[in-house]
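Following: one structure in structure tokens, then a few remarks.
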Amino acid sequence: MITEQTRGVYVISATPFTESGAVDFESLDSLVEFYLEQGVHGITLLGMMGEAHKLTFDEASAVVRRAVARVAGRVPVVVGVSHSSLEVMSALARLAVDAGAGGVLVAPAAGLRTDDQTFAYYEAVAAALGPSIPWIYQDYPQSSAVYLSATLFARMVGAFPAMVMLKAEDCPGLGKITRIRAEAERTGARRVGILVGNGGLYFPQSLRRGADGVMTGFAYPDMLVQVYDRFVAGDADGAEDVYDRYLPLVCYEQQPGYGLAVRKEILRRRGAIRSAKVRVPGPSLTAADVADIDRLMARLALRLR
Amino acid sequence: MITEQTRGVYVISATPFTESGAVDFESLDSLVEFYLEQGVHGITLLGMMGEAHKLTFDEASAVVRRAVARVAGRVPVVVGVSHSSLEVMSALARLAVDAGAGGVLVAPAAGLRTDDQTFAYYEAVAAALGPSIPWIYQDYPQSSAVYLSATLFARMVGAFPAMVMLKAEDCPGLGKITRIRAEAERTGARRVGILVGNGGLYFPQSLRRGADGVMTGFAYPDMLVQVYDRFVAGDADGAEDVYDRYLPLVCYEQQPGYGLAVRKEILRRRGAIRSAKVRVPGPSLTAADVADIDRLMARLALRLR
Amino acid sequence: MITEQTRGVYVISATPFTESGAVDFESLDSLVEFYLEQGVHGITLLGMMGEAHKLTFDEASAVVRRAVARVAGRVPVVVGVSHSSLEVMSALARLAVDAGAGGVLVAPAAGLRTDDQTFAYYEAVAAALGPSIPWIYQDYPQSSAVYLSATLFARMVGAFPAMVMLKAEDCPGLGKITRIRAEAERTGARRVGILVGNGGLYFPQSLRRGADGVMTGFAYPDMLVQVYDRFVAGDADGAEDVYDRYLPLVCYEQQPGYGLAVRKEILRRRGAIRSAKVRVPGPSLTAADVADIDRLMARLALRLR
Amino acid sequence: MITEQTRGVYVISATPFTESGAVDFESLDSLVEFYLEQGVHGITLLGMMGEAHKLTFDEASAVVRRAVARVAGRVPVVVGVSHSSLEVMSALARLAVDAGAGGVLVAPAAGLRTDDQTFAYYEAVAAALGPSIPWIYQDYPQSSAVYLSATLFARMVGAFPAMVMLKAEDCPGLGKITRIRAEAERTGARRVGILVGNGGLYFPQSLRRGADGVMTGFAYPDMLVQVYDRFVAGDADGAEDVYDRYLPLVCYEQQPGYGLAVRKEILRRRGAIRSAKVRVPGPSLTAADVADIDRLMARLALRLR
């Protein structure tokens, strides 16, 4: 099970599809192996970039069961269970934990506008999940349009013992990490984990602000692992040197609503999955996009030599 | 099957739940009977106000099968099949038609921004549904954030023969109805049906602009039927007189993100369903809200006397 | 100067333009007289429906000076001073008060997302305005996309003594009025005024929830005055009877982004202004719209007979 | 005057303020000199990142007159004139051109939703500006929420001869540049200029797609000039090598709603302006932010050595 001490690189797994749009379970197996070979510290299934909202409940369940079985305890698995109905969210969470997942990721429901509304929603979430399922607040307002202040997060840390982590993807978000860490230090409150997202953008800066790692699906999780390892070994500059070499690809993959096609294409090229197919409606690559990727990968290869 | 000539009052069915949040199939039966007793010309399942997005695929399938079986051909049934994945949308549409539904309702996917993007999405929808499933464009930008011009709609009418109707819920939307009717007259294009929504707000004005009826879940579908019948009988003023008597309740139920609780409570009081339960997160009524409803219903009863 | 005890009907003044788009100061004079003849208890200049954001600072200043001079102390005048720069907002507020205005209306700046951000912005507003200019929080999230909870409002009431009123236009918003009044009663906090907006929609319900009146530009402020007078005289049903007669016009004028053209046209027909011109880009009326207005006004005349 | 052939690096000028929030005209002079020393091909005043919406009309006029006089014809000057009223926009445009500006930048008004609405708005813009003021369409939907397709842009190119350029800031936006260039080639339509924005993010990729340069306020315009010069000299890899060295700072400055404080601080450190003051409400730097900037600038200096 994940805890407040969970840290490192949790890769947001893509969900592989065949060219016809069915879930490709063999690619899911190979993708899990790929991620583990890159040295990730954990795997997150059914994140937003895992196209969770494009799966039926049955498909989602099957993905969870297959991937958890394949991981076979080598690293913890987190499952995104966000849903517009708390009843459905809760059913998926139970199913995930029963299958062997170590925790769940819950984004706020659409339409929460004020601190009180967000708190009330998570009160319901906490009640539905109970004390034994550790959960993570996913703070990704670019998609949810729900905004989290450091003050509200502190209130939630106090109220919800099973909430053990913040997935921090607000942008700009560095100041929030600083405020959360400072506030907890000032009050002596429980210190929860913070993993950042956004494809790895601002990862070195985030670590210096107090983040414990990253939870993202960037197609080179090996880079994220190297950056993390060097940083915790005290070599902040070495970490940032590694990071900077990949930054053009981080930026390219970070194009909103489009990066997923880039990510899956690179995963395909790296042999992790068989098809870069994204469910419809979703981005697809043009010849010019492919030329960009060719060029960025070639330039990366040169820099790494 | 619905066609371009389909008209009248299509009620958007609520989805009844038990107090614990399970689908209440017995109430679904009684609700169907209630709607038919009010004289509706058709029933729409799994609309946005039917909490479709809060059901699993299996629950949605079960609701469709049960309600279609209960209607037993007495009126046509339309099924909302909007989903963030075209693959899932298409599967639900096929299941609905196989169960006996007469057409499907498809809202645009999130994130469509330009005329070309919206057209391209519906090209994919049309290809996925094929020529034999009649479908309806749901124009409800307050929720979808996708905007439809009369020009784009005319282009779609020309390109998609199986698109037989517009569910018109843009607000303000009267001008769009006028423009669509004028444009079709000018070009001699196929005349498709237009049913308006928004809880019935602006229904009399919409009929004068060229709408063919209404598709909404207002808790007094009997009023909508009376207004429609009088209007098509040539008594526009009589129609509007009936409408005006219910207008305070139309307005009250039309409060965004909250009206569903009002609607289900009135349906419960009218004996149509057993519980006004809305899945979480969703609106719930306070004592002051209940007092408002008491008062509005009492004043309505006085006016109807 | 307005205070916590200010109540009644504050009409949001339209800003009249000539057909060529210049501010029409003579119509501003006649409009002021028209409003006063309808019995309003106050006048608000440069609200959102006063096209404030379409004026230069110099034009806004001239409108304030002319209207305040014309009112000549017969009722209090409130001035909308919302601006994307606090420096400019503050300059306009000072100018308004120097000209004789009794208070200012301040909507939150764009982009405020959390309770803390909104509070911090109003801390800056309060500091800029100082203790001697009474001000009103304009809660109109449909336009500002800034959301106010009852909890945050209570915190602001405690912190900002010069904030004497809430202009409550959230929708749904009845529950918030109830919560604000209940919370203040529970804590014994200062009771500030609440005037509702939204063209008068839900005015009777709002009064029962604890609102002190209405601040809106509905083209029949005489109706609002009658409703208010009857309600405070203890005749809630009589108040609602008057209101219901005008409800079709309240609804029609309430069409978002379009109602201003309706409002100005009715004001023109009632002899209050010379032209219904709205600055570009803005709504304009088609022949079908004009026919709707003709019909709604004729039906109103019948009901009032 | 700018034309379809205008290209290179147009820097979006910051608007300098004193610590008390007044426009700092002396810093405006020094900033103009700084930009010219960096080799920019043009200067754009009163862009969104120039805090145009936080100035009064009089302040905006004074900024234009002072900066144009200081530039004294050494490079063309473009002026952002976007305003919620066409009447005010048009007055500022005339004033700018009379003062010596070579063209104006016009973002779409808020609330334009469909291709037809956007086209109609720019028809009014084109009529208001007349044939002799060259103008630029600013495509920045992240702020305007107005979306431009390649199809609609082609229609505008055909209809508005005075529209000579696209400021392309949509994100993702590379595909749109490709489509616009391909469509114009296919139809033989007029080729207009395309300058990209977004702080320079994706600048090398944009040049390869057919952009003619960049219009942005990144605090190192010298880098942008070098990238542009190398690229047009045929050294695409050399251009990208220069770019990659600055990419960590491009990313850092690109944090939405916050980068302006970073940009002004770097401009201050580089001696271009006296104060990094941003008008309220606006971002301000914390100690941790300053530490980030220190570190990123130190690492840049190392890479440039």
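Per-chain numbering from 1; labels A, B, C and D assigned in written order.
Simple rule for what comes next: a residue touches a chain if its C-beta (ideal position, glycine included) is under 8 Å from a C-beta of that chain, and two chains touch if they have at least 3 such contacts.
None of these values were measured; they are calculated from a predicted model.
Here chain C and chain D face each other with the same set of residues for the most part; over half of the interface numbers are shared between them.
Rotation angle relating chain A to chain D: 180°, from a CA superposition, given to the nearest 5. Averaged C-alpha coordinates give centres for chain A and chain D that are 34 Å from one another. The centroid of the Cα atoms in chain C and the matching centroid in chain D are 37 Å apart. Centre to centre, using the average C-alpha position, chain B and chain D are separated by 45 Å.
With touch defined as above, residues shared between interfaces to two or more other chains in chain C number as follows: 257.
Under the stated contact rule, the graph of chain-to-chain touches is complete, every pair of chains being in contact. By the touch criterion stated above, chain B contacts chain C in their complex at residues 171-172, 174-175, 178, 201-202, 205, 208-209, 237, 240, 244, 247-248, 251-252, 255-258, 286, 288-289, 291-292, 299.
Taken together, the chain B residues at the contact with chain A in this complex read 21, 51, 53-58, 83-88, 91, 109, 111-112, 121, 124, 257, 279-281. Note for the complex: chain A touches chain C at residues 113-117, 141, 147-152.
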